[in-house]
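Letters A, B and C name the chains as they come in the text, with residue numbers starting at 1 for each one.
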Amino acid sequence: MIRFEGVTKKYGDGSGGESIAVNNFSLEAPTGRITVLVGPSGCGKTTTLRMVNRMIDPTSGVITIDDRNTADLPLAELRRGIGYVIQHAGLFPHRTVLDNVTTVPRLLGTDKKTARLRAMELIERVGLDPDLAKRYPAQLSGGQQQRVGVARALAADPPVMLMDEPFSAVDPVVREQLQNEFLRLQSELGKTILFVTHDIDEAVKLGDQVAVLRVGGTLAQLATPAQLLADPVDDFVAGFVGRDRGYRALQFAEAPELELTNEPTVTIGTSASEVRAVGQPWVLCVGDDGEPMGWVRAGAVSGEVTRDLLQRGGTVASTAGSLRALLDAALSSPSGRGVVADADGRFAGTIRASEVVPVIEARQQSVAEREDAAASALQGEATPA
Amino acid sequence: MTWALDHLDQIFTLAGQHAWLAGLPLLIGLVISVPLGWLATRKAWLRTGLLTVTGLLYTIPSLALFILLPPLLGTKVLDPANVIIAMSIYTIALLTRTVADGLSAVDTSTRQAAVAMGYSTFGRFRAVDLPLAIPVVAAGLRVAAVSNVSIVSVASLIGISQLGYFLTDGYARSFPTEVWVGIVACLLLALVFDLVIQLLARVLTPWTRVAA
Amino acid sequence: MITFATVWAWFTDPANWQGADGVPTRMLEHLKFTGITLAIALVIAVPIGAWVGHSGRMRWLVTGANAARAIPTLGLLFAVSMLVSPLFTSSLAFTVPSIAVLVLLAIPPLLSGTYSGIESVDPAARDAARGMGMSDWEVLTRVELPCAMPLFLSGLRSATLQVIATATIAASISLGGLGRYLIDGLASQDYVQMVAGSILVALLALVADLVLALLERFAVSPGISGRGQGVARRRRLRFGRGGDAAASVKNSTDAPLGADPA
């Protein structure tokens, strides 16, 4: 657990005055969880992060990691026990990917062979082709460089990770991939992570808890992502969290067991007469393993169902998914019936928006109780062991 | 000090010759290296070729070049033309790379906008790339100017008349004052060149002064 | 009259290849002075340049050294010689001031090459290095110096050429080396000897520069120099955003031959 107690950072402005980057900041980042610091530029989120591994020394206040005061630890020991990932990866251009990843283990005195074996494992673990190990950073794409940055930070298996806008410098598609793989990795590794971003969507997606900071370096709100969307503490947070909060908050609401409508399905190659026999304007087409492929307009089929006829606009929700996914599946489906698949990706049934909405309304009535329960659970874990 | 005041006439005469020997090559060098630098931005192999050749020319020590040019060109050893040509070679060697770098540094979006507006290759070069490269070219020119003023003084060893005369003459007569006067005069001349180039660059690039 | 034949005759005359005034002796002298000078200048300039680049303090040292390059080399040579020579007897009276001036001239390019090399290291790489617990010394030796290699080496090439050229001129204050052919030839109106000497000096400079260019191949990580599978192109793209014109002028003026002459 990382704990900030009344941490303040002031900078002299050169003419006797001073500016406050971080002001009396207190926070607990619980062990094994992702805590995201988010806020507009100038809110001191990066300064806050960099005070943990003492890249910046606080003016006053105490930062502890597992109840050990960071100010009392030898600098090298402190930093080598913390994985550090930054925006432009900061790879060493003169070293191969493999040698970049082995840096910290080598500094810690691990022999070359062991360090390399472990590095190769990590390179694969972060989703990189092992063939890239011999390349130099300049030969990699931005996304690949960022993966190497993560592998390098994980190399010495530090319990704590600091991540400063690690996915900001890559394009949106790659960013989403990196975020998903980061979550997968974290579910395996369970590191204590402090994560800085200016992107509220990223914060809400990745954080177990989210700390919103305002300019001047004060904590505006600390909450779970769902709480944050449901109940922003003031206008600043509400404005920062942005539009479509109600809809976005649904992604944290697990879908309850719903009555799904079974649906007659067709496959590629089904004849036009069989399609029309279903007797509906839109018919769902599934693949060989029962996975939903798309809707077919019955009137458009002449001869047999072909891939060209598939309407693929609809999203597919999962039975284990969120209310948001269910609602979106219903809203995006040309037939008005949202496609739901089971855990194995097989078609499970359909659901209409009009069936999801009552569930949402019922949920709203009990939301306060549930949020309170979630918050106290988080705090329970956060108390010192 | 008195010595310098007593020899003001001579100082100005030699300074004038020095300025001519160091300054004319700057103009010649600029005129030649702008098209060369432009060529270097066109094709990678042209860039490598041009920069290699000009780079090799730059490695030849000045005194050696002053002596090698007369038999190659058929000029007399004492002909100031040797110095002008040698200094032009150094200036070209320095500026070709600078011009190429300056032209390549022009913002890609600016260049593409110019292409999209229908500029021809040459029209774009003249109207967009070259003006935007002026600050970089001017910086290179300042380096060349200072270097030229220093190197020209070496030519006094082979008897070409300029401020370097004070250095060789002062040394030969074991008269330090004269050497110091020569050094200071060279420095002042270099400073004048530097200021003139800066001023010209400022006048030619009014847009760089708006930011403040 | 100087013709190819007369110069050829000079080079093929066995007398010119023997004794204290022979080509091998003069060439070795020239190399010796150059080597000693560079060794002294490296010992002075590299630690200072590394420290200034690493700490970001006292940048005026580099600016000052660069400004000092405006002093005419010939003037510096004569002035220092007149100041220092009386302090020594024997041949040291000529060697010491010459070496001193050569060192003074070699320092600015080495200093600014080392400094700008270190200063140009990607701040993110430096930040990451500190963040993973490297000490200042480790950051300097494991990250900054290897990354500074290209600019340091172009400073070294620049310094080497400067020293070879000025050592030639130093013959006018009685230093040995190849410059003797030029200065003695001038005194005795032996133009053939002057031209021959000039050819030797030019060749020495070219060979020295090529050797240093080859050194660059070995001393610089392929990850930085961009040799091999398309590294250079990618790197240019990636660093393009930071590649401002001023930085490129700095490089090009430090060493006009900074790039690959191969």
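Assume contacts are C-beta pairs under 8 Å (C-beta built on N, C-alpha and C of every residue); 3 or more make two chains touch, one makes a residue touch a chain.
No experiment lies behind these values; they were computed from the predicted model shown.
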Comparing each chain's Cα average against the average over all protein Cα atoms, the nearest is chain C
Sorting chain pairs by contact number gives first B-C
Greatest Cα-centre separation from subunit B belongs to chain A
Between the Cα centroids of subunit B and subunit C the separation in whole angstrom comes to 20
Distance between the CA centroids of subunit A and subunit C (whole Å) is 53
Taking each chain's mean CA coordinate, subunit A and subunit B are separated, in whole Å, by 58
Subunit C contacts subunit B in the complex at 2-3, 7, 69-76, 78-79, 81-83, 161, 164-165, 168-169, 172-173, 179, 182-183, 186, 191, 194-195, 197-199, 201-202, 205-206, 209, 243-246, 248-249, 252-253, 256-262
The residues of subunit C that touch subunit A in their complex are 122, 124-135, 138, 142-143, 146-147, 149, 220-224, 226, 229-231, 234-235, 238
Given the complex, residues on subunit A that touch subunit C span 53, 55, 75-80, 82, 84, 86-96, 103-104, 107, 135-139, 149, 152-153, 162
So, in the complex, the side of subunit B touching subunit C is made of residues 48, 51-52, 54-56, 58-65, 67-68, 70-71, 77, 93-94, 97-98, 101-102, 104-105, 133, 135-136, 139-140, 143, 146-147, 149-151, 153-154, 156-158, 164, 167-168, 170-171, 174, 176, 179-180, 182-183, 186-187, 190-191
